[in-house]
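The same chain A turns up in both complexes below, where it pairs with chain B and then with chain C.
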Partner chain A sequence: MNALDQAKQYWYPVGMLDSIPTYPDVRQTRLLGMAINLSRKQDGKIIVTHKSENWLVKEAYDHLWTSPSQTPKQLFDVPEADEKDRRFVPCGVVRVRCSPLRAVENFLDIAHFPFVHTDILGSEPHTEVAPYSVDIDDDKDEVIATKVKFFQPQAAKSASDGIITDYVYRVPSPMNAILYKTCPSRDDVQDVIAIFVQPIDEETCDVWPWMALYDDDSTMAEMIEFQQLIFLQDRSVLENQVPTKLPLDPKMEIPTRADLTSIAYRRWLKRRGALYGALLNPTEKPSGASNSVAAE
Partner chain B sequence: MSFTLYDYALSGNCYKIRLFASILGIEYERVAVEFYPGAEHRSEKMLQISPAGTLPILKTSDMVLSETPAMLFWMAKNFDTPEHWWPEKNISAQAQILQWLGFAGDLTSTIGQGRLNALFQTPIDKDKIVKGGRAALRKIEAHLTEQSFDGNRFLTGPDPTIADIACFPYVALSPDVGANIGLDHDEYPAIRNWIYAIKSLDGFIPMPGIYAMHELKDHEIDYGAQKPSIAGAHK
Partner chain C sequence: MTNVAIGLSQNLPNGRVMRAIVHEQDLVVWRSKSGVLSAWDNRCPHRGMRLSHGFVRGEALACVYHGWHYDKKATCRYIPAHPELEPPETIKAQQFRSMEKGGLIWVNIDDSSVEPSIDENLTPLRSISLSCPKKNVQTVIRSNDFSMFNGEQINCEIAEQNKEHWVINFKTPEASLHLFFQELPNHSCTIHTMLDGEHSAQTKKHMSHVLENLRRMAEKQYEVAAS
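Our next item is the complex of A and B:
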């Protein structure tokens, strides 16, 4: 099975449910290199079309999901989405010129917090990534990182002081990642933050951040802005990574101990043949490399 | 006298006001407005505050401003600040500054629009926008190069003015529009020096896409037997 066919088996986010245009208005976008149109009919039903095909649709986690396959793999479960007292915050979409897999991998990384999200998610000299655990959950076929701890000056919009934040990361499918982190205002629950990635093509993606939080004080605007601020700090880094695709050969980008989650993610992608947006062969010519960066 | 700033963290125009306030050490009240995806700046509630339907909005007890040049001018005049930000007695310097405040509008309508498109897929004529952005960068590069011949680090002289604050964000953010379309800073050495000069100002703050220069922290410095004698070698 080639990389594209493998990728076609999954569900992908293509819009926020509260902003799907009503027919005859349509939202035009692309998925896995294919042009698609989406709109809501008068009866409320949402239609996704590619050329003359009607694709399956699913409404979940405040987003519209679709798949090029008529028999896609099951969409992953986020049980916290049923907890009615959480505040659900879809944050819009941000386009990034990088492989969808690079966007997911960046989301899983903590070591960059003090340098990219300075004085928010991390700060110097608190740069050490303490040992943590990574497993592949064979039942769910997910990558899981647990016991991740990091000092954060402002872990969330609702945090006023620095705290040691506990993280759990889940990668339930190649282009989606979910994290659970200490809720600054409550001891008994964890905040949930996810990125749902829409692969435009192998080197471009639209990222839909989504949160399910316990926060009684912040306005919606403040919560969305906080997440957008964090993600836009990542964006300029992501757009300058070379090669644009994610290399799966460990000789191409040499990992350290802090990159355990990334190592597991790359291996897991390779094992399941999820190679859309990946660079498998180290001799394959990297594309999309800007000269200036490649020269560094 | 203070003010309320209706603000959006990702906006280069809003950042001008946050940056200048930080440099001047002014405290103000900040209200986050959901520019995207909610378009809250065009909501009934926000239009009642400012019918322009734009961000930022600077509001005082007796005035509402929606244009950033007016805000920068008001801030420079109203707070006890070094006079170089708005040279009170130098009419020709003031005229030069006003030129650049106008030019800052061109930067917003080219690079600013191109960046919004790159982030959020807003509809634009991309070729025209990119061409306009390149022309704007070349103009400012040529000007800054000439300034450097006279030993000037900033747009209108040796000291920064509100013209530098107004032009800085969208020049610094131009790589956000896209790679390999002539909007990277690689080919603009004078712009890069000017960006360093602004980032070196006391009170400088970053925004997403505009990073602070790396400061050496105490734990990174090996003083050896004695502390360095050069003042300001690190903060």
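Our next item is the complex of A and C:
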């Protein structure tokens, strides 16, 4: 199966439910290189079309999901979406000129916090990444990272002082990732932040961040603004990684112990043939130069 | 390939980082706090981030993504995620030959050890970027049109036409303008310019205007030829 056909088996986010235009207005967007139109009919039903095809639709996690397949794999479960006392925050969209897989990998990375999100999610000299665990959950076929800890000067909009933040990461499908982190205002629960990635094509994506938080003080606008700031900082990195696609050969990009989640993610993608937005062959590197160094 | 001028020495102070492109090779060019110049493949071996977005810490260049530090031999010396770890010597960025001569920074990506030939008594004027290929600039210089500036006749002649180094002699004001061409992708180029010895501020200003006129004419010619 080629990379595109493999990618067609999943559900993808294509908009926020509260901003789907009502027919005859349509929102035009692209998914996996295909032009699609979205519109809400008078009876409330949402229609997604590609050329003359009607695609399946699903409403979940405050977003509209669709799939080019008539028999897509099941959409992953986020049980916390049913906890009614959480505040659910769809954060809008960030267009990034990078592979959708690079966007997910960056979301799983904590070592960049002190340098990219300076004085918010990290700060020097608190740069050390302590050992943590990464597993593949065979039942759910997910990548799971646990016992991740990091010092953060301002972990969330509701945080006032620096704290050691605990993280759990889940990658339930190649272009979606969810994290669970220490809630600054409560000890007994964890905040949930996800990125749902819409692959425009192999080198462009729309990232739809979504949060399910316990935060009684911040306004919706403040929470969205905080998350948008974080993703705009990430974008400045993501648009300057070479190559644009995610290389799966470890010889092309040398990992270290802090990159365990990224290593597992890349292997998991390779094993399941999720190669849309990935580079398999090291000779595909676009730069004239190459690193003659192998990973240890 | 030979040495290519990628900028004026004075435009890269100690502790600063710039990006340069030589024959489609993307480069980070940087100067350490003590002034040591380096030119490397513009890519961190860790996660492919362009090192030209990085920052200088003393004698090291740090990648902006995860802060990995590389010394002047392009070897990784420090990984902030593992402060106690001594990184394996095999983690290196790819290095190219770079040098300074005659007030210019030169890079040689084919690793030959030929020194750039340049009169070392030149003084820097400016670098100017153009949205057209080098050949359009050279065509304009050769044409009669170039000798008109603000409706006035400029008395000048081409004294030298080497491949990437041209010299134009002007009579009023009396000066020799040296142009060092750097071809860039996407049909563009940069010209690093020098004058023969010391000149008045007024002469420099005049020459700078001549260059801007040259840019306008060359870009216009390219636009017309392309449409």
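Everything that follows uses one rule, which is that the second predicted complex is superposed on the first by the 284 of 296 C-alpha atoms of A that agree within 3 Å, B and C clash if a C-alpha of one lies under 4 Å from a C-alpha of the other, contacts with A are read in each partner's own complex, and residues count from 1 in each chain.
Everything below uses one rule, namely that a residue touches a chain if its C-beta (ideal position, glycine included) is under 8 Å from a C-beta of that chain, and two chains touch if they have at least 3 such contacts.
Given the structure is predicted, the values throughout are model-derived calculations rather than measurements.
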Partner chain(s) touched by A:Glu253 [first = chain B, second = chain C, both, neither]: second
Which of chain B and chain C A:Ala221 touches, first, second, both or neither: first
Chain B versus chain C as contact partner of A:Met34, first or second or both or neither: neither
First (chain B), second (chain C), both or neither touched by A:Gly92: first
Touching partner for A:Gln241 - first (chain B), second (chain C), both, neither: second
First (chain B), second (chain C), both or neither touched by A:Ser19: first
Contacts of A:Glu124 with chain B and chain C, given as first, second, both or neither: both
Touched partner set for A:Leu232, first chain B, second chain C, both or neither: first
Doubly contacted chain A residues - partners chain C and chain B: 124, 236, 290, 292
Touching residues (chain side chain A, partner chain B) in the complex: 16, 19, 90-95, 97, 118, 124-125, 219-222, 224-225, 228-229, 232-233, 235-236, 239, 290, 292
Touch list for chain C against partner chain A, complex: 23-26, 41-43, 45-50, 53, 64-67, 79-83, 85, 88, 90-94
Residues of chain A that touch chain C when the two form their complex: 109, 111-112, 114-116, 124, 127-129, 236-237, 240-243, 247, 252-258, 287-294, 296
In the complex with chain A, residue positions of chain B that touch it: 8-10, 32-34, 36-38, 40, 118-121, 175-176, 178-180, 184, 186, 206, 208-209, 212, 217, 219
